[in-house]
Each structure stands twice: as C-alpha cells, then as structure tokens.
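Think of it as A, B and C in the order they're written, each chain with its own count starting at 1.
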Amino acid sequence: MSDLVVVDAVSKEYAGVNAVTDVSLTVAKGERLAVIGPNGAGKSTLFGMIAGEHRPTKGRVWFAGSDVTAWTPSKRASAGLSRTFQVARLFTSMTVRENVYMAALNGPGGARIRPWDNWLRHKGVWQLVDEVLESTSLSPLADASAASLAQGARKTLEMAMAVAQQPVLLLLDEPTAGMSHEDALGAVQQLKKLVQEQSDLTIVLTAHDMEVVFALADRVVLMAGGRTVVDGTPAEVAADPRTREIYLGTSAPKEVSL
Amino acid sequence: MTTPVAGARATLTSWHLIPLFVVVALVIPQVTGGSYLFTWTAVAIWVLFAMGTNVVFGWTGLLSFGQVAFFGIGGYTVAVLHDRLPDLPGPVLLLAALLLASTVAAVFAVGALRTSGPEFAVLTLVLAQVLWLLTYRVRALRGDEGFTGLSGVPFGGDRVLRTDQELWYYTIAVVGIGCFALWRLHRSTLGASMRAVRDDPWRAAALGYKVRRTQIVAFSVGGGLSAVAGGLMVHHQGVASPDLLGFAISGEVLVACLIGGLRIFWGPAMGAIVLVWSHDLFSGTEIDTGLFVGVLLLLIVLVLPTGLGGLPAAVRRRRRPARPPKGLSAPPPGVPDDAGSLARTPVNALDVEDRR
Amino acid sequence: MNDLLPIVVSGVAQGVPIFVVASGLTLIYGVLHILNFAHGAFFLIGAYVLATQLTSTSLGSFVITVLFAGLVVMLIGMACEFFVFRRLYAAGSQVSFLGAFALFLALQGAAQLVWGDNPRTAQYPADLSGATEILGAFVSVYDVAVMAVGAAVAVGLFLMLNKSSLGSRVRAVAQDRVMATALGIRAPRVSLIVFAIGSFLAGAAGALTAPVTSVDMSLAASYIVPAFVVVIVGGLGSIQGALLAALLLGVMESVLFRYATWMTGFSYYLLVAVILMFRPQGLFGSFSRTTQIAR
C-alpha cells in the first residue's frame, strides 16, 4: 500500500483518563502531516503511539506495511522511523559531531558495522556526518560538547541526528517549542530546505505555531478531546468554523476529566 | 573520556598498554618488597574488580549494589573446581569463573532490568545476600569452614606458583589482559552504545539502539570481570569463605569507581589504589576504614562529583572565566558544561523523570 | 488449620519490628525520593544508645530510654538532611542514594569509634518479660508490646498523613515539590520534618530491638536489607504497603521455619524477586516516576 502509516481505531487510556479515543488516520508516503490542537487534545499521546513510546489500549498501528503496535521505539527506528523530542535529547558526554555520528551509525549507512569495531573508524559514516553538519550549519560547532549548546543549537542538533538516520518517516515533536523567534524562523527554514531536498521523506509533526504548520505541512489534522475533528489542507482547516470554536472556545470541546 | 575525532593526531592505542603493564609488572617487585608486594597484589585485584564494575556503573549508568555477588561467584568457582580437580591450570579456573559469572549476570539482568533505579539497586543487593546465604546452606560450599590451601596456582605440568613474586606476576598478567580487553571495549561501537544508553536512553532507543540488550551485555561483562578478580583473590588470600560475599565489599568497589572518577577510563584503577592502601593504612588504628571511606565518598558526592580523576579539569574550570553557551544565534543562558558530573548519571538508564 | 494460626501469629510478631524500621524508610522515600541507606546506621545507633543508657529494668525507665534513643537519632537524621541531602535533591536519586550510603558508612564507623567492637546486650523491662499465649501460639510479652507499638505507629502515620494539615503539606511535597513551593508550602521545612519523623522511627525501632538481640555492628546491615525489601515489595512510599509486606514476609518466614527450615532467610529475597518480576512497582506503588521504554 502507498500508505506509510496507518493508525487504526486507536485509543489510549491512562488511569481513568481517555487521552485518545478511537482515532483513525493514514499517512501516505511523501505526505507532510501536522497534528494540531489545544493542550490536552491528545496530540502528544497519538504521536507517542506512532513513535512507540506508548502502547494503545485499543487499536493497531501500522508502519511500512508491518503491524508495529507492539514494537519498541528502537525496533521502529531500525525500520526507518526517526523522531525528535519536544525537549531535545542529546548525548551529553559526546561532541556535536559524535552525536550525529551515533545517529548515522544506526541508519542504513552503518548497516555493516559490528559491535566490536572501533567506533570512530567508519569512513562512509563520517562522510554522511559531515554532509549533515554542513546542511544544518552546525559545522562551526562540530567539536563542541553537546552539553554546552544553547537551546536553539540543541534542537538543530537533534534535527541533524534525525536526518542522519536517513529515515523513511520523520516525526517532529513540537519542532519550534521553547525557541526564540529568531531560532524558530531558522528552524523552519532548515525544515523547508529538508522538505525540498528529500521529496519522498514523510513527515508527521505536532505544533502549536500555525506559521510552522503553514510553512511545512500539506495536510493538517485538528484534534480535541482525544479525537480527530478536522482533517484537510492547512487552508481548509484554518477556515473551518470548528477550528475557531476549539481554539477560541465559543463552545467547550468534550472535556477530559482529570 | 572523550575519544578523539577520527583521522586526528596519533592516539594511544590498546597496544601501547602492553609495554606499560610489563613495566609496572617488573618495577613494582624491585621497588617494593616483602609485605608491600602482597598489598600491591591486592591492589591489582581491586583494579580489575573496579574497572569491571565501572563498565556497569560509569559506562552504562546502572547502579549495582551487588557486584560482590560476582566477586564471590568467581572466588567460589575457583575454590570448588580446584578442590575437585586439583590439576586444572589456574587460567582454566579463571575462565570457568568468568563464564559462570557472566551467564548468571546476564540471566539476572534479563529479569531484574524490568525494574529501574532504586528497585534495581536493591535487587542486586538481594542477589548478593542470597548468594551469601547459599554459602551456608549448600553443603558443597562449606559455610564458615570454607576452602583452604588455595595459595598455590597450578600452572600446567607440575608447576605450581606459590611465592609472592610468582603470584604477583600471575595476577598482574591477568589484570593486564583484562584491562586490554576493556580498552578495546571502550573504543568499540558497543562501548559507544553503552555511553549513549547512559547519557539518554530515550534518544538511544529513538536511534535504534537496543537499550535493554546493551545493559544486559554491560552487566554481564562487569560480572565476568568481577568474578575473575574474585578468583584471583582466593589465590591471594589462600582461602575462600563467606567473607568473599561481604556486604561492605559492594559498597567499597563503587566507592573506588567514584573516587577515581566514573567517566575517566583509568578512574576506577586510581580509586582502587587509594582504597586498598587506605585499608592498609588504617588497619592498625582504631579508625574503621568504613569511616574513612564514608567521609571520602561524602566529600566526593558533595564537592567533587567527577572524582579525584576529575580534579585537574575542575581546577582548570575554576581558573577560566565562565564561557557563554554555544549556539547559532545569541542564546539565552544555556546548559552548564559539566558533562562528566556524577549528577548527570541517571539512576538507571530507564529511570527518566518527566519534569513537565 | 489450627496448626496454621500459631504460625501466623508468630509471623506477625516477627514482621512488626521490620515494619517499624521500614515505615521511616518508606516515608522518607515517598516524600523526598531518597532511598535512605543511612537508615541502617540510624537503627544501629538507636540500639546502641538503649543498650548503653538503660540502667534499670523498670518499664518507665525503658520507655524513656527508647524515646531518648529516638530523639538522639532524630537529631542526627535532621543534621544529615540539612547538611547533606538538602544539597543533593537537585542532583537526582542516584546521587542521593550514594550520599546515603556514604552516611551509612561514616555513621557506622563513628559508632564503632564511640562504642567499640564488643557486642552489647540490653535487658527486657521486668514488666514485659515472660511469655503469653495468643491463639495457640506462645509469644513473648515483649513481642506483644512491640506489636502494639507497631500498630500505634501505623495508625499514627496514617492519621498524620491523611488527617492533619502537616500531612497534606507532606503529601503535596511528595507529589510535586516545585508545585508545592509555588503554592506557598515551605518544602525545606517539610523535608526536615519528614526526615525527623523517619529517623526517630528508625532510632526507636533500633532501641526496641536491642533487648531481643545482641547489639553489634552487623546489626545495621542485617536489618537494612530486609527493610529495603519490605519497602520495595510494599511499593516505595506506601505505608500500608510496607505494613502488608512486613507482615507477609514475617508470616512467610514463620511458615518456612515450620515446614522447610533450610529455606529460612530466603523468603524475603524470593518474594521480592517474584513480586518485582510481575509488578515492578511493588504492591501499592505507582508508575508515576519511571516509564519503561524498552520491553
């Protein structure tokens, strides 16, 4: 099937709270999907179920033709899924270059590496690392310790790592969260460049910032109260009256009791 | 230890270790004598024990309070085998200890790593206690009576290594091989994945690294090397008794790692030297080594988390003015540069606190 | 079935002292997220204080000395919190655990300096000596008194945590320290109080155990491990969990003693292993702090 990701009637319940209820979604190869919604809408949980962080209480998740509902995040990563985190997660004891290297090592480029090989000796991987550092403008920081980076650079490094994995599906969790306006614009530019360079890369992102959504997505799903409410192009969703209702609260969305 | 960038200046390879160990092996007996050589042998054993333990603790970030379990398995394996088959050469005994302990460690880890953090630490403690109890309950292990007559190491043919000098060479050779293997492991992709799992298990998993499997392997390696150290110890002391599984030993090996510095390759070795010699120093006095070790550990935890090995770096940082964090644009205040700090080590790779 | 009753009763008698030790430990963990290894040293010091300070066998004198031991240990505990643990909260639970272990070693070493290596003994108070019969089991009067104390501790802690204003502040800090501070609760003061209560309980437990056993340095280790096991099986932070686990383990030991003596001493460990395999958070624990990412 040409659908890369299929989410089938998925629900997630935590201790009496229905975070996600009966959501079905498909993502086609090459599509750029943004999942938006107010806080508590369930976007992070849905995202987590695609990434492997959470296991649905009901329903199945399919990725690249396989039922991945029970797969761990690392197994999904090996199948071509890569993701970023809302608060960038990096290897703090390593340099920027080494972080990207670790990401690339596990991608298709590093497939022939054995556990006892010297970890720094894979030339093919270094080439990819240098390319990625160049394209994300991280080259000047390449030998800096990842722990010493400021917020914006951390997110960029995470992005570089995700790209270095050479994924089939890229999941971006709030790619501009916590960034200054300047940094956010820079990040969006990076992403646009990426989107253009790798036209068959499928992207799913969650976002709060409509600018980001408009810049990157060709399809938007609006969630509220654990369900999907609106699904369409960014323009369609923006114009939909339900969107205004949900965000501006003229009538309260289905309440999630905590 | 930040490894150098590929293709950069010539670096210390594992092969450079061999002359280093040969020099140490030859010099120490010349420079010291008599009872000091005996203590240096104990130091060498603890170097192996601490370096092995650090694979679990410093490299992979797992706090294991039961390393003494494997130390004891090693000691008892050598003792029991030697008792049943007195002609088996020493290296074969140690190999058996290594294999048995690594297997037990792996099996234990598969189950125990379903928990994390304090629960995991206590489970490792429980393992050590269970084994201690077993030495009293299983007749073949002889309880307090233990095994004696172990100071002779059979070495093929009719040769038995018995003098302090011979035992020193035997011990340092084994420890040297162990350290060589550890150096290679540290430089390997597997070693790098252990560090990745320690730094951020979520990130490692999201990149496709098998977190649980890496932890199990690390635990198994640490257990195996600790067992070899235990095997050497029973030759050193000549006896194997339940004291080999004493509670305090677990704490002391962790202290050795911390004193020297978790993130420094030779840190645990330095810590072992400090620990064993301070035992020696305090053995004549009224002061319990526990008090000294406890106070030292307290100081490290409060003041110098990177351990004594981190002292040069800490001093350097004091001297330089604080640098602003690096970023692509003018950044807000960033993350402090203390990548080696003890405080950054998660309790267990899977213990992640959501601060949201 | 009549056979079983005395075994259960004597099992309960065995488990209660462990509960009293564990209650302070689980309280401190629940609120401050520190698995306080030093608790073992607190227990030890409490036992030594009683053994060395008790001069008469009168009940009144005994009670006062137990309280005195608790008080001494309480002050030591508060000093530990103020000078050591306070600095380690931000650094995470592993560092606190190591700090607690350091304190354990240091305090045990200090105890050895003060009281030396010779074992001490303490006398039962005259009014509590002898044995009595409960439900077919012969239990010493002293054990009954300890059970009563254990029950009082359990009830007292429950009331304190659930019905008092201090209790609600404690629970707030346990749930979310930062949020509690934002709401105006003085978290450092609450931490100090919790530590005071926890260490008092440890010291008193040590003092109460002194007449029953020979008091020497190994006491610290031999009581801390079962206490840890009880805390973890019960679920970190749960007082009722600790009570249930302590009673369960006491009864298990008692049953094993009767039917499979060679297995005594193991029951604690086997139980913790089995329970944690199937329910890693313990009987009453919750998964709020740790999330599994690899299965």
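We take it that contacts are C-beta pairs under 8 Å (C-beta built on N, C-alpha and C of every residue); 3 or more make two chains touch, one makes a residue touch a chain.
None of the values given here were measured: they were computed from a predicted structure.
Chain B has the C-alpha centroid lying closest to the overall centroid of all protein C-alpha atoms shown. Using the mean of the Cα atoms as each chain's centre, the chain most removed from chain C is A.
Put simply, the C-alpha centre of chain A and that of chain B have 39 angstrom between them. For the pair chain B and chain C, the distance between C-alpha centroids works out to 31 Å. Chain geometry summary: the mean Cα position of chain A and that of chain C are 47 Å apart. Multi-chain contact residues of chain A (touching two or more other chains): 72-74. Multi-chain contact residues of chain C, defined as those touching 2 or more other chains: 293-295. For chain B, the set of residues that touch two or more other chains comprises 202, 205, 210-211. Those residues of chain C that touch chain B in the shared complex are 29, 35, 84, 87-88, 90-95, 97-99, 101-110, 112-113, 221, 225, 228-229, 232, 236, 262, 265-266, 268-269, 272-273, 276-277, 280, 282, 289-295.
Residues 51, 72-74, 77-78, 82-83, 85, 89-95, 97-98, 102-103, 105-107, 113-121, 123, 126, 137-138, 141, 143-154, 156, 161, 165, 180, 182-183, 186 of chain A touch chain B in their complex.
Of all residues in chain B, only 63, 111-112, 114-119, 121-123, 125-126, 129-130, 133, 137, 201-202, 205, 210-212, 247, 251, 254, 258, 286-295, 297-298, 301-302, 305, 342-343, 345-348, 350-354 touch chain C in the complex they form. Residues 2-7, 184-185, 187-193, 195-196, 198-200, 202-211, 263, 323, 325-332, 334-340, 344 of chain B are the ones that touch chain A when the two sit in their complex.
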